[in-house]
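One structure follows; several queries about it will come next.
A, B, C and D label the chains in the order they appear, each numbered from 1.
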């Protein structure tokens, strides 16, 4: 059952200290700014955040980091020209960092959502990022074992939802959101538009409502 | 580069004896009847076919089996009320059968298409279908290791293609086709309509053209 | 203060449930708004007892959520079928997806419930429903193993006895297994059962008393308790 | 009968290639109709030298095939960016997909070609392009490791020497590796190289002769052969 919330604050209510939170977006495209702002107001601390980047400039994920609510971040590309909030926390030893290849980040969340206990990938073989991980020869090639990333909560944004939680996205703002929606116990979505069931083309739904727990419409 | 063929015969040309061929469809929905008929005319033998079922009545995959071109079939559900062609070949010892859970069939083809060397699944644990397969405890649960199914050729059907090979499907005729398109060295598609690039909604493309090698339009 | 009373309901003033009645009883236990997969064969008939206002959303493993009733006449579309390969319809809010996504949904634990037929269920919830084990049988598993391990809850729907009177609820399955310890409830013509831990609890009987049931099934049966305030 | 002749072309009558010229040389080697991912930074500029009639289709790992040129002015759309997070445009025939599908495409070997920058490439094609290895560096890998193992061919684009004159084509990488034995060709300001088996073959030079190149790079270099009929 998908709950249509009346505010972003309602949508993020109940997120516990110590939660693992998936945060959608690639840079700022698809980042759920309103949900993050609400999470800052809500105040959950000691969070593990999984997101492609570690925040840009001073808003969105960067603001959550600046609020001191994140103890660990799992991402593929923290270092950016405008990642100064993360950079300072990291150099000050105030945040733990796990860097994962972007494809592993995506595939590990997909695995969590798909009931896969682990998978073998060629990505990272022979590199620092595979150190300490199990490797295995399959058909003459070396693979690394990667494990799922499951989460308590996913915060994502989409373009339009119907009231059953079916989602469509817009252009490259889609990025990680559909995968994250499958990997979290509770998926919270900010959308620009909410429509009635039947208004979305069933052939074009990207995230079926089964993956969506809470929706809030935000001004675009 | 996607090649627009003028006939189903051209589309299936060059399929070698001994090939592994993925055949789309769930029952008859989405079955590429015209491509199969062309493959019967083309005559490749000793094929391994991967498909959800083992043919219905006397047309499509059943006709390919009846033509004696298939030495092994990998499927989830061969036994149906109208699978008499397969049943007779099987009971006569004239075809080898590998039964796989339907989810493993789909996920193993996805793995082949996604560069995954193997994955752990809970499906089949403790059953005949996991006998002889490696098992492993992950987080206190038992999983079975399943390996990819890659193929030489995929024969699938879609509703509409653009000339770059982007595909959209129709309702539950979509089924295995998008996954099979990723798992074969050569993907051949029969479609009802061909349109120019730009005519399909980029948000609604299901199979990007990168996975499609040959297209042929067939009367619907 | 609370009083503990047995929670079983015995309908001994009537005969066993008919197939349609079984489907209705099971349908009544499906929570509103649940995402449900109904296995092929008898479980499919449960859909006939789910009113639209229940908000239950049906999944079919061949790539659809929001499946509607069987299609008839001009509404029959060969591109729109259920897992049993019968023509069905589409409800508002439906979505289509490919087979790997459909089974990821199932295997990833997103379906609230599936309903499956069975040859046998063991006292610990092992399920056998795909293979008779006979030497000349052609094995066919379909999505049964995926559903059994993937759905949050597995309800089985079957007659309790074979035509020759053998119980299908058994200590250990003799048929080849579909999945281990996966069944949560069993809906039969003469009783409904809940498998909790290693207990088999009888919730309701039809045309048979609890004590007679115990004598005909070679599995220890319990009566549930209800706390009455 | 065929005559074997060296296939190297030495442009010693001019200086090294500028960045734009490097991009043009590389672009000229991309087969028509290829599916290509251009890494962030310098490789992105290759797109400026791919005419529409080449039919080359660009992939961006943040979920798109059919990426068009950079967006400017009113065409800038914050929902439509490339992997470097710059605004881009959409070409007819484009498609969008989520990150797992995008990387499955990459990792599954479906891209014909990717172009990456590098700190170092070894004689056997090992690539180092994600981490300086300095103790205070913040590591950031993005999609580099996935691209390097996934694309059918990996072209590297870099200056051949560091600012202090050290060659970046080395016997063994001293920087942390991105992937093993993955690089097929190296496009630099002074030469292009092909890595075949364990040979490094020089195809073309600019502003430097083959022999001078050999003296400045601590890797055995070969001259390719061409069969002339």
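Points worth noting:
The rule is simple: a residue touches a chain if its C-beta (ideal position, glycine included) is under 8 Å from a C-beta of that chain, and two chains touch if they have at least 3 such contacts.
Given the structure is predicted, the values throughout are model-derived calculations rather than measurements.
Looking at subunit C and subunit D, the chains in contact with each of them are A, B.
The geometric centre of subunit A is 35 Å away from that of subunit C, both derived from CA atoms.
Separating the CA-averaged centres of subunit A and subunit D is a span of 30 Å.
The set of subunit D residues that touch two or more partner chains comprises 90, 96-97, 103-104, 107, 149-150. For subunit A, residues touching at least two other chains, in rising order: 107, 110, 114-116, 121-123, 169-171, 202-203, 206. With chains as nodes and touching pairs as edges, the resulting graph is of another kind, matching none of line, ring, star or complete.
Of all possible chain pairs, those that touch are A-B, A-C, A-D, B-C, B-D.
On the subunit B side of its complex with subunit A, the touching residues are 107, 111, 114-123, 136, 138-139, 141, 143, 147, 168-171, 201-204, 206.
Within the complex formed with subunit D, the residues of subunit A that make contact are 26-30, 52, 76-80, 87, 90-91, 97, 99-107, 109-110, 121-129, 169-179, 206. Across the complex, subunit D meets subunit B through its residues 32-33, 35, 55, 57, 59, 65-66, 90-97, 103-105, 107-111, 149-150. Across the complex, subunit B meets subunit D through its residues 1, 110, 112-116, 162-164, 166, 182, 196-198, 200, 202-203, 205, 208-211. Put simply, subunit C touches subunit B in their complex at residues 60-64, 77-82, 85, 90, 96-100, 102-104, 106-107, 131, 136, 138-146, 149-150, 176-180.
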